[in-house]
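Submitted below is the structure of interest, expressed as structure tokens.
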Amino acid sequence: MPNTSNDSYKVGSFSFKSRLFVGTGKYETNEIMKSSLEQSRCEVVTVAVRRDCLADNGAARPDNILDHLDLDRYTILPNTAGCFTAKDAVRSARLSRELLEGLENPGARWVKLEVLADKKTLLPDPVGTLDATEQLIDLGFEVLVYTNDDPITAKRLKEMGATSVMPAGAPIGSGLGVLNANNIRICLEYLKDGDPDYPVIVDAGVGTASDVTIAMELGADGVLLNTGIAGAANPARMAEAMHHAIEAGRLAYESGRIGKKAYATASSPWEGCIAVS
Amino acid sequence: MEKGPTMQVAVNGQERQLVSGTTVADLLRQLDLQPIRVAVEINMNLVTRSTFDNTVISDGDRIEIVTFVGGG
Amino acid sequence: MPNTSNDSYKVGSFSFKSRLFVGTGKYETNEIMKSSLEQSRCEVVTVAVRRDCLADNGAARPDNILDHLDLDRYTILPNTAGCFTAKDAVRSARLSRELLEGLENPGARWVKLEVLADKKTLLPDPVGTLDATEQLIDLGFEVLVYTNDDPITAKRLKEMGATSVMPAGAPIGSGLGVLNANNIRICLEYLKDGDPDYPVIVDAGVGTASDVTIAMELGADGVLLNTGIAGAANPARMAEAMHHAIEAGRLAYESGRIGKKAYATASSPWEGCIAVS
Amino acid sequence: MEKGPTMQVAVNGQERQLVSGTTVADLLRQLDLQPIRVAVEINMNLVTRSTFDNTVISDGDRIEIVTFVGGG
Amino acid sequence: MPNTSNDSYKVGSFSFKSRLFVGTGKYETNEIMKSSLEQSRCEVVTVAVRRDCLADNGAARPDNILDHLDLDRYTILPNTAGCFTAKDAVRSARLSRELLEGLENPGARWVKLEVLADKKTLLPDPVGTLDATEQLIDLGFEVLVYTNDDPITAKRLKEMGATSVMPAGAPIGSGLGVLNANNIRICLEYLKDGDPDYPVIVDAGVGTASDVTIAMELGADGVLLNTGIAGAANPARMAEAMHHAIEAGRLAYESGRIGKKAYATASSPWEGCIAVS
Amino acid sequence: MPNTSNDSYKVGSFSFKSRLFVGTGKYETNEIMKSSLEQSRCEVVTVAVRRDCLADNGAARPDNILDHLDLDRYTILPNTAGCFTAKDAVRSARLSRELLEGLENPGARWVKLEVLADKKTLLPDPVGTLDATEQLIDLGFEVLVYTNDDPITAKRLKEMGATSVMPAGAPIGSGLGVLNANNIRICLEYLKDGDPDYPVIVDAGVGTASDVTIAMELGADGVLLNTGIAGAANPARMAEAMHHAIEAGRLAYESGRIGKKAYATASSPWEGCIAVS
Amino acid sequence: MEKGPTMQVAVNGQERQLVSGTTVADLLRQLDLQPIRVAVEINMNLVTRSTFDNTVISDGDRIEIVTFVGGG
Amino acid sequence: MEKGPTMQVAVNGQERQLVSGTTVADLLRQLDLQPIRVAVEINMNLVTRSTFDNTVISDGDRIEIVTFVGGG
């Protein structure tokens, strides 16, 4: 019997119960972000590294996101969003680690690696991603790697030592869900072969709750999303939806669904029918 | 105000003049930034927080001071 | 703003919070049925009418299902499963009402009408269904009508006075989910035109949790299922999955999902990237 | 035991002999069925529970005694 | 071995080689219609009955469509489009027959029955359709019945004596293709059970060539379409596409496609590879 | 107006009319292969390089495939199937070129590059593929590159100088068709940006005719397949189906299909209806 | 032109006056319509072509004269 | 039969003894293979057809003789 959805599972040296990873970008206000994170019941939130605001002219400095995240509650997962080369991704990861070490936050140990190919589609660059993964592992990071849904790249990333492979369901922010379930299935087959607890997290593309459920029903260990919540008309409610969607998908995966048939069999018994016809 | 010799550096892509001998810690103070909330690179090399006080900025240095923002 | 998923909604003279309707057929044991119903958090369970066991030879009589249903907790929704003519469906409904009146159960007021066309596919017979609906309404029943996904039949059933129209997602027991979302959407458009609270419940075809979530995201008010839970390897866990799936779908429907694009926009901001590339 | 004349009926599709004058309530007792747990049809017409005592079964009647079972 | 796509097949008393039925509505010009029909290589064209133009004030009368159809080449299939009741459909069919008898056109023998439910969705009314089918058969027509994709209604129509059942792939003019392949498959199973030559023609919903191919691969005997050609940017070229799509689909159906697998087997042999790796 | 399907199009220094590329593997007999190739009307056939049979013991040597291919009719496209490293793929390509130069066959100029990752799934290895592409271009080959459907890898291959990028619709031999139309669309957008005649050929995964039509409707310039024909119950007929499917898809692509709507507009005019209702 | 008594009919939904005694064939001639290209209903009943000459239109008749148009 | 000194080579993965001095062209003749139908590698290096006559095989050489087969 696999773990039940109430049990905790591991991602590298971390252990969580919630299988939902939520990004902190694009919320209209910090309050909406906070209530969305709460409703999502996530334990891990992603953040990005950016140049600080140099408001040395006395202008008000905008709030820092750290002022709005309960660091006792959430594990910070820094990403390398915005990086188009392995080099920049490594710089970004090291800066994140430095920040999180200063905060004595356990998120210092890991990083969500993104090496994007261009701003047009935000698709990951497989070569740069492989390169950066290797460098970051050498630097001691636990690397969670955002990648496309190619099973071969996924397998290679795991072989290099990635802590988790995070195949995309669809392009970032597209809202298209899991476009190629066959590829995700083969990724899972490769990555969990002889290693069923290896964590595979579907990252990117989620548009609505059923996308999350479908990803989890395929056997993913978790889902990472941001725009699907932040861009909804009611982000906090959609966050709650995503919480339930994760639970639904995981439980359904564990429950052994019925088979599919063109048509099937009655739910009520035939025996004892009063029908004379 | 600035009496001593100065140098030209880039901080987060902006050109700035600093008094020679300025350390990273000095710079953060000038910018009213809490060391605990930032990470710093000079010429693409990480400057660890414990060395902010001792790291003297050089003329022409390209300095990045970063923090966390929302991201997915 | 529509009702939140925590609010109650109405089906005829009934008011519920849970939007999941669960059948009681096909469980291996009554204990599994009971725990599945519990985990599903449903408030309505369906039952069928059958000839009682005439064990007057002293043989042990099998348990009656009523011994295993907490009638204070669940509202009984009797179905007319096994009927292939309007006449038999009406007989079945009247027998159910008599039984439930004796039990002083509010389920005496309503019936889930099924008039099937044949045992091979278990598809509903539209003509017999229309006929029986009319008769049952005349007899004072609140009629919840299982029907195919044809929007025209759905509209006619409502016009005749059906309390709820219950279009099939897919054939009974098929596990295929919602095969024709376009038809369900048009059903909803017709049935809720000027009457947004008219209850539409997707009935039949559910194979796994995401099927439920998808049905709810289309705007259905509820989902009725049986085999999807009873036939799962772990029915009670699948029942819990279905509970979450209903919540996920309803909340997502209410939350206003993001649009779909071939590719999209970054979750992390571009401004302030350290990348020199 | 059965002294009086008998009649032939079908109960749930099974042929049975009953003593003439048997009521629905009598039949249920004979079958050890609780009235509260069943509903009864004679010749496809519903017999309401309140009339079980007074409804006398006739020769040739086709009787259905039903209850609830699990169904979807 | 089923008929090859070069063989002729029968629809009632008619025999054709082409399996494409093309409507004559909505073309910008008669010339475009003519070249589209030619490119489609269809043998049957549908027409509708409408009030003639009463240009008795000396105004020029618009061309009659019959002036633009080569009646030696095409069999005319009159439809009852625009009818919302069985009564009007019967009137329309009788008027069509009178017209075609006058023209000594064999199309006088048959009719494509459409009884629509409303102008909003153009979905067929199942009850009116069943009613009109019965009446038209009594009047001696060979009735080809446009209906929804419900297998039970399809089966009943055949049992009533319909010459061909024509289930919709999707709503008229929607361009959505075959929305519910499962239903079309069950229709075919019912209609061809013990009667493999009974003609089933998918009617309505076609948007592009692959929709036609998919319908034919399911085992349909033909496809009827109009908007998919007439509304294309280049109707004559799309007509040619539809011709090829019909051939492709029929041939593929007859050829016994390979199975589906998550991944599979090499097309080139392994033996004798030079690879030392 | 793009080229019509009757016009020729270019792949590197080659010019063809047929957009179907057919593999020569897995046919039961050479006769079936020959008739299948004929029925497919393809102009290009792929072959693989393997160790010759060393029947120096006097045993009969099996026929050589070259005895069964009309080299005046078909352009040979040698593949590097069976290679799992860039090095082996380069060796294979050079051996093919040597063979074809000896035959004075124009196929000596090009190669279909396959660098597979493993025998289990036959998925391409993106890193090895990029590496081999570079080497083969340096060696003067016109390289047609089989790759996964990742648009970024596709774009990089073109930038390196690949003559054609050949994204997979689905795993080799899977029969699953085009699993991720969104990715193929983005590939086309990247590869044809400012260069509309750049040839993009969907390679692998085709199970039946509609898969080919769908690929072509997306805007691909051609489709390469083998198992879909060779593994069909009737390969020659399926080959004819594939010919029509290619034509159907290309013509439909060029014709500007109608839009999709939940429901739509009548094909027959409303004006002049006799209906009084 | 119209000497005799007239009657009021509807042709394809338009009100018209016809001379009493007008036959269907007369009407089609007046409308310059070829009989072979039309079919005719009076009061929702089909008038077969062979009876056009003999079918006299009555006052108040609702006449439909139809032909084929493009349709799908 | 073989009088001269021999050498050991691998042809398509099979170990074989060849007379010293054997050329590629000789080997193909021995194997009854048409030069036009094969391509040859020695130790993973291509041997062009025009040099078959002049290319002398050495002891320990790994020779690949390939042709086309059906492939997708």
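Think of it as A, B, C, D, E, F, G and H in the order they're written, each chain with its own count starting at 1.
Keep this in mind: a contact is a pair of C-beta atoms (placed from the backbone, for glycine too) under 8 Å apart; a residue touches a chain by one contact, two chains touch by 3 or more.
Being a predicted model, the structure only gives us computed values, none of them experimental.
Shared contact partners of chain F and chain H are E.
Of the two chain pairs considered here, E-G and F-G, the higher C-beta contact count falls to E-G.
Distance from the chain B centre to the chain G centre is 97 Å, each centre being the mean of its Cα atoms. Once the centre of each chain is set as its mean CA position, chain A and chain H turn out to be 56 Å apart. The distance from the centre of chain D to the centre of chain F, with each centre set as the mean of the Cα atoms, comes to 74 Å.
Counting partners per residue, chain F has 23, 25-26, 48-51, 79, 81, 91, 95, 121, 123, 171-172, 174, 176, 182, 186, 226-227, 230, 262-263, 266-269, 272, 274 as the residues that reach two or more other chains.
Counting partner chains per residue, chain B has residues 12, 41, 64, 66, 69-72 touching two or more of them.
Chain pairs that touch one another are A-B, A-C, A-D, A-E, A-F, B-C, C-D, C-E, C-F, E-F, E-G, E-H, F-G, F-H. Against chain B, in their complex, chain A makes its touches with residues 23-27, 33, 46-52, 54-56, 61, 64-66, 76, 78-79, 81, 91, 94-96, 98-99, 101-103, 172, 224-227, 230. By the touch criterion stated above, chain A contacts chain E in their complex at residues 182, 185-186, 262-263.
Taken together, the chain G residues at the contact with chain F in this complex read 12, 41, 64, 66, 69-72. Put simply, chain A touches chain F in their complex at residues 117-118, 121, 123-127, 130, 148, 150-153, 155-156, 170-171, 174, 176, 179-180, 182-183, 186. Looking at the complex, you find that chain E touches chain F at residues 4, 23, 25-26, 48-52, 79, 81-85, 87-88, 91-92, 95, 119-123, 171-176, 207-210, 212-214, 217, 226-228, 230-235, 237-238, 240-245, 247-252, 254-277.
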